[in-house]
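Shared between the two complexes below is chain A, which pairs with chain B and chain C, respectively.
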Partner chain A sequence: MILFALLLIPFSFLMLSLLIKKAGIKQRLALLFATFNFLWALALVPAVKFREIIVVQMGSWSAPYGISLVADRFSVLMLVVAAFVFFLTTIYSTQSVDKARRKNGHFFFSFGILMGVNGSFMAGDLFNLYVWFEVMLMSSFILVSLGGERQQLEGSVKYLILNLISSLFFVAGIGLLYGKLGSLNLADLSLKMASASDNLALLNPALILIFVGFSIKGALFPFFFWLPASYHTPPPAVTALFAGLLTKVGIYSLIRFYTLFLYYDHGFWNPVVLWAGGLSMVIGVIAASSQYDFRKILSFHIISQVGYVVVALGFFTVAGLTAALFFLVHNMLAKTNAFLVAGWVHRERGTLNLKVLGDLFNKSPIWGILFFISAFSLAGLPPLSGFFGKYLVLKAGIEADQVFITLVALFVGFFTLFSMVKIWMEVFWKKAPENIAQLAPVELKPANWMLFSSVVMALAIVAMGLWAAPIVEYCQLAAEDLLTPSKYIDYVLGYH
Partner chain B sequence: MEYIIAIFIGLLYACGVYLILRRSIVKVILGVFVLSNATSLIIFLSGGIQRGGAPFIPEGAETVDPATISDPLPQALILTAIVISLGISAYILALKYRYFDVTGTHDLDQLKNTDQR
Partner chain C sequence: MNNIILEKIARLFLRVIAVMSVLLLLRGHNSPGGGFIAGIVLATGFIYYGIIFGSDRIQTIIYFNTRIWMGIGLGLVLIAAVMPVFAGHEPLTGLWYIGEWPLVGTMHLGTPLIFDTGIFIGVTGLILSIIITIMEVLKWNT
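And now, the complex of A and B:
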């Protein structure tokens, strides 16, 4: 029940919002349910401390046959951060998203995303993971195209086709894996794979299909093209939500998969993961440096930072996985906040082209500082969360004797700094360009709620840097759990 | 029988990939449909094929030899996959309609506005 509620909360909002016509009430209801979801996810933290892995068998059918919902420390961490990001973007979108969109189902479909995300973080079997992916994707397809502007439609065609192909890869992989092992439950599959250890190579085609599916969802090299082609088209609040949640679900599944299945054939998969991560890191950051659109730069940086997480996963030590989890959390917060600031810039100036923007620091120093915090956290400036994220990744890399890729990660950090400084200089610091006709200043209502959510997010980033120790400790426990899959198996199959 | 279906799936995938690589958006959408059907067939084949072996336990018997009946699970999975792809098809066609309304073109090469330069 305790886990089921995380699906029930978004679902009941979906049902209730169909009954309500007034946009204002719908909005309040959305805020209420988002808060509720966050509090419930937070309540799982002490629960998981007490019971280590919470397993709920839906309808009381026992594990390999029924549907299991599983939450270990890693899932709970992701659930809490996702709920936090969702809560703040909901507050933010009450002011940032225009009225027509809010009335026509912006909140409805963002709760659809929340439901899919919560479901995939807890899914205990492969097919349910696929179904939750689809719930999330369907809602995200509609959110990308909601409003129907030309640019949005173009972006959503690309987003839609490539993500559908990724789902097809994933389902085909599930089919092949089921054909070979005869199970869908993650724990049961892992157990069966352990006993089939002499012909693991036969399973690799299925696993490769699933890996490709996850890499498209997580925007890893060479499957990232949909992301920068579509993320800058919807309203900024939607992009912030996507940046915080969607690719991270792909990465979550990859980490879960690696620790349960792929590590049996470590010799084959480890180089694949390291190369995919390393190249994403490099290509993302280099492609970002040639862009002149606020959101496009940030979109390419998503790819690069996803690469860090995957490389840290590829080290496959406790330190490496700790770094991966910490970096993932840091990235969800810092990236979302950077997009929240982009939303404010878009509201003030009506454009996100760096060449036209300028002088926004004088307009509003607070938003300038908010951008400074999130951007330099992404670049890894010491007191902020990104510093510890990068430090942990580099340290884990050196300890795992992967010196080359560690040096690459260090080198990528400089480029990140370059892009962030570029945005900072062009948008906030330089004088507004004179020869370009200024847009007529529209009198806007003060963006108090937008400011509020961005400030809370920035405080979270700072707090994550200042009190990194308890979070790293938690990540380390989660990483130890991930590295002993027998524990997961025992809990899910009820041997414990 | 398995071989025939396997070859057929391969052909469907080939058609799907060919269609997806076309310039016209309608053909790309058709390609996605073909690919999703091919994928459903893969799941179907993964359970093994058993002619006339309905997955029922006859009245009075406690168990049944699993080799004589077909596996019901892949069929349940396909059902879910088909329903999902139905929803997606409806959406993608609506999107195509709206896209044609706004841009007046079927040509995917016209989608260059949002590309990264």
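And now, the complex of A and C:
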């Protein structure tokens, strides 16, 4: 039940928002349920400390036959951070998203995303992972296109088609794998793969299809096209939610998959993962530096940051996985906050074109500082969370003798700094360009709740930098669990 | 469109299909059938009715808004999923009540029936909400 509640909370909200008509009540309910979801996820942290891996078998059908929900330390970490991001973006969108969208189901579909995300973080078998991916994809597709502006529809068509292709690959891979091994339960599959260790090449077609599916979801090179083509089109609050949750689910699944299956064929998969990660890192950051739209720069940076996580996964040591987890958390927070600031800029000026913007630091120093914190955390400046993330990745890389890729990561860091400084200079620092006609200043209501959620997020980023030690310790325990898949298998199949 | 034969048939058809769908729902646990397919069958009956009488008449027959029906369906699913927890089982476990009833004899009633009924209502509501929206956009009634 303790895990099932995380599916139940969004589900109850979906039910209630169908039954209730008044938009105001729905909005309050959304805030209430988002808070509740966050608190419940937090309550899992002590539980997982005590029970190591929490397993719930739906309908009392035991493991390889039924549907299991599994949460180890890694899942719980992701659940907590996702719930935190969701909580703050919900608060943010009460003021940032316009009234028509809020009335027509903005919260409904964002809870759909939450349900999909929670489900995929806890899925104990492959087919349910796919189903939760679909739940997430459908809700996010509607959120991208909700409102029906021309630009939005263009973005959402690209988004939908490429993600459907990813689902096709994923489910085709699942079919092949099921045909060969006769099971869908992750733990059971891993066990069967261990006993078939001399014929592993036979499984590669299925595994490659699934890997491609995850790479498209996680926006890895060379499958990242959908992300920058669609993320700058919906309202900024929606983009912030997507940036915090969606690609990270793909990466979560990749890490889970690598530590349970792909590592059996380490010689084949390790270079693939390292190259995919390394190229995403480089190409994302270089593509970002040529953009002139606030959200497009940040979208390309998602690709580059995801690359860091995958490279750290590719090192495949305890230090490497610790770094990957820490970096993932840092990235969810910092990236979301950068998009939250972009939402404020969009509200003030009605555009996110860097050439037109300027002089916003004078308008509101607080938002300037908030952007400074998240941007320079992404770039990796010392007291902030990004510094420890990058430091851990580089350290793990050198320890794992991957000096070349470590140097690449270092070099990518400089480029990130360049892009962030560019946004900072263009949006907040330079004088507003005079020759371009400025929009007449609109009287806006004060954006207190937007400010609140961004401040909390920024504080979380700073706190993650200042008190990095306990988080790193937790990540290290999670990484050790990930590197001993036999533990996962024992707990899920009930041998423990 | 006034065609008395068609109108009579459509009314009759709706009733037959409604009975048929409930039958499918009830036999679903052990034989082919179940909530999803029963919902689709019932919705086809309504669609046929709607094509002849217009979507407003569907709306008057089903009384509540389709949104509410979907909500009720999800609510039943929720109840069926959570009920076993209070009886000390894992969520979604089937709880059964086996009783002797007059006329029908021994009958097994359980949470899977509630779950299936929820699916039945939800699916019918969903399909009808799509069809009614399309009919309104096409101005089918006028």
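In this section, the second predicted complex is superposed on the first by the 496 of 496 C-alpha atoms of A that agree within 3 Å, B and C clash if a C-alpha of one lies under 4 Å from a C-alpha of the other, contacts with A are read in each partner's own complex, and residues count from 1 in each chain.
Criterion: a residue touches a chain if its C-beta (ideal position, glycine included) is under 8 Å from a C-beta of that chain, and two chains touch if they have at least 3 such contacts.
Everything quoted here is computed from the prediction, not taken from an experiment.
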{"item": "Chain A as common anchor, with chain B and chain C clashing or fitting", "value": "fit"}
{"item": "Touching partner for A:G175 - first (chain B), second (chain C), both, neither", "value": "first"}
{"item": "Which superposed partner A:P446 touches (first chain B, second chain C, both, neither)", "value": "neither"}
{"item": "Residues of chain A touched, compared between chain B and chain C (which is higher)", "value": "B"}
{"item": "Which of chain B and chain C A:V56 touches, first, second, both or neither", "value": "second"}
{"item": "First (chain B), second (chain C), both or neither touched by A:P470", "value": "neither"}
{"item": "Touched partner set for A:L18, first chain B, second chain C, both or neither", "value": "second"}
{"item": "Touched partner set for A:F4, first chain B, second chain C, both or neither", "value": "second"}
{"item": "Chain B versus chain C as contact partner of A:G267, first or second or both or neither", "value": "neither"}
{"item": "Least Cα gap, in Å, left between chain B and chain C after the two complexes are fitted on chain A", "value": "9"}
{"item": "Doubly contacted residues of chain A, that is, touched by chain B and again by chain C", "value": "none"}
{"item": "Contact footprint of chain A on chain B as seen in their complex", "value": "20, 25, 28, 32, 35-36, 39, 42-43, 45-48, 73-74, 77, 80-81, 84, 87-88, 91-92, 95, 98-99, 102-103, 108, 111, 113-116"}
{"item": "Contact footprint of chain A on chain C as seen in their complex", "value": "67-68, 70-72, 74-75, 78, 81-82, 85, 89-94"}
{"item": "In the complex, chain A residues that touch chain C", "value": "1, 4, 8, 11-12, 14-16, 18-19, 56-60"}
{"item": "Partner chain B, residues of chain A touching it in the complex", "value": "127, 131, 134, 138, 141-142, 145, 148-151, 153-158, 160-161, 164-165, 168, 171-172, 174-176, 178-179, 184, 228-230, 232-233, 287, 291, 296, 300"}
